[in-house]
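Shared between the two complexes below is chain A, which pairs with chain B and chain C, respectively.
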Partner chain A sequence: MDGQRRHRILMVSDFFYPNFGGVENHIYYLSQCLLKLGHKVVVMTHAYGNRSGVRYMTGGLKVYYIPWRPFLMQNTLPTFYGTLPILRTILIRERISLVHGHQAFSTLCHEALMHARTMGYKVVFTDHSLYGFADVGSIHMNKVLQFTLADVNQAICVSHTSKENTVLRSGLPPEKVFVIPNAVDTAMFKPAQTRLSCDEIVIVVISRLVYRKGADLLVEVIPEVCRFYPNVRFIIGGDGPKRVRIEEMREKNSLQDRVEMLGAVPHAQVRSVLISGHIFLNSSLTEAFCIAILEAASCGLLTVSTRVGGVPEVLPDDMIVLAEPRPSDMVKAIKKAIHILPKIDPQVMHLRMKSLYSWHDVARRTEVVYDRALRCPTEDLLERLSRYLTCGAWAGKIFCLVMIINFLLWKLLQLWQPSKDIEEVPDIALLHDQRETTPWDSVED
Partner chain B sequence: MADISFSNERYTYIHDIHKGSIQAIDNHHIVVRKSNARGFLLHICILTFLAIACYLFLLKEKSSIIYLSSILLGLTLVRLLHWKSVVKESVVIMPAFGVQLETHYGSGRVVRRFVPMGNILRPVLNECVTPVTCYWSLALIVRGEAELMLVFKELRPPVKMLVPIWKALCAAIDIKESTDEVAKDDH
Partner chain C sequence: MEAKVEGNPLITQSKWRKVAYGGMQPGYDDNYTDESFLEDMVMNANVVKRDIVKVMRDSVSISQYICVVALVVCVWTYTLGATIDETSLLLLDAGLLGSGFLVLLLTARRLSINLLSHYLLKISFFISGLYVLAPIYHTLTRSISSDSIWALTVSLLMVHLFLHDYSGSTIRPPGALKNPTLTSNISLNASIVASVLIASRLPSRLHVFAIMLFSLQVFLFAPLVMYCIKKYSFGLHLCFSSLLMTVTLVLVFTLHRPLFALLLGLLVFVTVVCPFWLIRLQEYKFEINGPWDEAKLCFDITE
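Moving on to the complex of A and B:
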């Protein structure tokens, strides 16, 4: 591997395929590129329906679907110590050198990072979202994050705004946090072969129709734009609790022929929806990094978006029109986008996206973070406990107690089932020739 | 009769081949090694129940029914422990005929399952995942069956013991396929 160290990485998150979303895509594409770079990558997630046990994906990516049932929003029940035996088994049998957890919402991720640190493994955490500071949910979430990040070796955020947010919420030293933006599979999101006519302008919206994604903004913006431009048509893809409000707006303003509601759009069909439009509209009220914008730009659409979170960092200024999350400002931005639309060449935009955003680049940068994490000194329990104590007057003591119990349970597990009793798994290398060989050919009868 | 054997802390693998008139019958046994801890636990249970029984017998005010029932309960528990415990599991490969899977219990009871060779599509080494652990298992993909048939239902032998059995099963299926082709050619 060009003299570089070959890592053995365990990706842990509650969010993975067959579930679809930004985190799921990120883990999958990053894993694929790391495999191509010569690293060993294993994914650990919870079972999805009857998808349980070990599965192999493209490129030999091994996925452990642990038979733990999700209890809320695809999250497993927080048990603190319930995942310790299975995680320990996987870490030993796969000879893992580094654990990479994804998403602050994931209970499996938090537990895995806690256990991995107890067992002396190096850990990296990637935060994919922005959170508030005032509401009850955010306060609790931030405390959990503070507990987890008190002991991580390195952290990754998807935008500078996200980094600032994570540092403020968790009290993590900024020098430990890296910014590695998401990427897009440009091969999957190509523009239409023939350029669309500008006689009728189609504005595409693809998002979950929820408050956070600015569905209420759409309710006020769409009628205004339709009033100004008789040749503008909207295509709305997505579903959610706010769908009723948009449908009410459509009925009230008699826009049935100009606002098309597609409902939930499968990821495989997103491109076909995008290439039927000229402008992509994103009305999110909070966003760490909007992958939907990248997908739209890769398909050659000009983007109009709210200036929130990490969105201004996503695209160059000539590929996006930003607006404040206010209806009047959004309408102005759409007017500006319609005005500059004839200057936009979808093919040129696609080629620019190809050079700007690549998963291979993300993997290379993540590799640097892994190298940094593995160079971090190994600390004993007492050194780690002193860091937990700084997490708060009462919280610090509770965190210390949790970690001491975790340490004792780990020692008990070592007595119950020593590491030598856990069988290591042979690495299955993808064979490019036609020879019928198995990993067991080296095992003596 | 060739005999190959190796062990770990929990299991002993024995491979013996019985030379028959036409083809050799291939026997693979996974024997549970006697655990000192298990035996110790069993004896402790017996002694505890006997002590309780004697104590109840010595207390004159207690009826003899309680005394008898405690002895019966103790014996039942010991019997259950003994009855349920698996002594060994075997795979008997009869080339061109079939595979017999046997489970031998401590009581002497033997449960046998026979799979005709023509029904076995492929033997597979599987990684099984439970909420608390992962382990290797050997299973058969059987024609017409929706689920895999586990070769070892009760025991979890290590992969180094499963590999030779898997290889033997693969070889036996290959033999079956080649004999089928010969039969077709003869006709």
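Moving on to the complex of A and C:
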């Protein structure tokens, strides 16, 4: 592990801090652990409000907030070639060796991967979500994904179900796709010091209250559970369009003292909400990998979840109770969870989670993927174009045209703004203690 | 990273498990693809195998409705050319109303006086409302040139035919469960606007009232009548449709030869060519289902 090459990675996505979410946390924690392993990581994302320009985060993580505003659902406007100049400047300035894009839904990611391939950099893509095949939005998204992944060096998915889904959507050979799950920061999510008493059982729900996260299932399940078990209380954290329905359910069944609605919970307070409960309920209708479940398990809660997507792969069978996404099954699962609750010890669960999931492990496995990607042979434009042609009768030709124009624009940029005029950033030692064994002048790339 | 250790009986490799916890599974790379890869995928689970005869029989609804619209256009043309005068139009309206009622009564499961009086009340409101509004329609498009009117009418009728709900009826009998869809509402509105445009080109108010009544009767209630006939007996539906198609073709033949050719071509296309095309395209259908699908709720969300 120590004699390995030091990589210089650019993470690209539309989703990053100051937003909080699965993808954002993944990029942040992965970058931090890669920095600790000795690599150089730079993040590129769009501007958030006034936050535009270069920022430094913990551990010397440099973030470029490029001056593009998001236009729809946190995504930048797809202009195909607009991001080429700024991306080229960043890649040359930071002497990047590999570009890592995140999330199929991010237009910035697709554009950056396209430009990176044109300029000859190695490219890795991570997919964080599951998508369908049948509706109009999914069909277009899958075509765009096919275009991007036609020429990617390696791909990473966060669960085995997600790998199957990505392979079907994009037509990638399965050997190119690595399964590296997310992890959880167990130092932040510690169980409560004193164990809660089991007289009153508290079930915690923290999720966005939208259709996709199964808020309608909650509306059906909560009154039933409250009816069967008079000593059960619910705490619901999160906000969204379905909040009104849940409040209506609360009024109709007179459950004001048994169902507590907290509204949107800031990320820093999620732990304090979690440790006030015994059971964590997740009712989502689709999940590639549910980090919320990991956070709950790390805080020592027993999880009850719907058996969708990649959820069955996330936790061992004694830490989670799965149910079909039907209200009757979920009530039965909650009943079973209440039954096995006395045998659960939060501290033991927390220690087990520490051994099962760790961001450092994720970073090491990602490093393996980077090594593989960098060993891939460099190809010139004509060899790459043949891969785009296989994407479809009409689509293949359109994609080839797009890549040829991209190539020509790149050559034009090289003439107009030669790379020797772009100043390269020197490596500044912001972490001092962990890398004494690596002298600075032996860094190669 | 390292090659899998095989052939050594002392080291037993643990079986690969489809789990995400526990880090890298010993002996397996992260990109290891097991034989169980994609074994939960289900292909073409909900695809209905279509039979050519059934598809052709079902396409009769579409051709029947195209003929109905063609008949309406014929009546419009005759009225605009003063071939039919207003009294005969009114007689036609009354005849259509009477026969429509008769069909509804005969095909209804339960003959109830309540339903009948309900319909009669609605119809009388409708007719009196139209009579009162006829003067407004009469002078509505006086400042618009005739060419724009014909062009607009033709495009609106195209929209109407395109978006029409051929499997049911936008106007449902009272007590029907399903709400009409957005596209069927749009098509209905398009046909009504087309009727208003044509009506506004007529010489007298009585003409306007008669033609509006005729057009609205057909566009609003003809689908309902057809739907009732189809539900009652499919054989009757087929006979009625063939009769309608012959009558229409004869009428259009005497009116305008090129239009007759167009109509005939359209009917042949809908009844013969489209079913064959649909059956041929069915081979390419590839529906993928698996554990990655979003779960469908088994209950209805009621507000």
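What we mean here is this: the second predicted complex is superposed on the first by the 429 of 445 C-alpha atoms of A that agree within 3 Å, B and C clash if a C-alpha of one lies under 4 Å from a C-alpha of the other, contacts with A are read in each partner's own complex, and residues count from 1 in each chain.
Here is the rule we use: a contact is a pair of C-beta atoms (placed from the backbone, for glycine too) under 8 Å apart; a residue touches a chain by one contact, two chains touch by 3 or more.
A quick note: this is a predicted structure, and the numbers were derived from the prediction, not measured.
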### Message
Comparing chain B against chain C, which has contacts with more of the residues in chain A?
### Response
C
### Query
Is A:159 in contact with chain B, with chain C, with both, or with neither (first, second, both, neither)?
second
### Message
Just to be sure I read the superposition right, which of the two partners does A:134 touch: chain B = first, chain C = second, or both, or neither?
### Response
second
### Query
After lining up the shared chain so the two structures overlap, which partner does A:67 touch, if you call chain B first and chain C second: first, second, both or neither?
first
### Task
Could you look at A:313 and tell me whether it touches chain B, chain C, both or neither (first, second, both, neither)?
second
### Task
Please indicate which partner A:54 is in contact with in the superposed arrangement: first for chain B, second for chain C, both, or neither.
first
### Query
Given the touch rule stated above, what does A:86 touch, chain B (first), chain C (second), both, or neither?
first
### Query
Thinking of the overlay built on chain A, is A:286 touched by chain B (first), by chain C (second), by both, or by neither?
second
### Those residues of chain A which chain B touches in one complex and chain C touches in the other
none
### Message
Could you list, by residue number, the parts of chain B that touch chain A in their complex?
### Response
4, 9, 125, 127-136, 158-160, 163-164, 166-167
#### Entry: Residues of chain C that touch chain A when the two form their complex
1, 18-24, 29-31, 33, 37-38, 40-41, 287-288, 290-295, 297-299, 301, 303
### Summary
Residue positions on chain A within touch of chain C in the complex are 130, 132-134, 158-165, 167-168, 174-181, 212, 214, 216-217, 220, 245, 285-286, 288-289, 306, 308-310, 313-316, 325-327, 356-358, 361, 365, 368-369
### Query
Contact residues on chain A for chain B in the complex?
52-54, 64-68, 82, 85-86, 89-90, 93, 421, 423, 425, 440, 443, 445
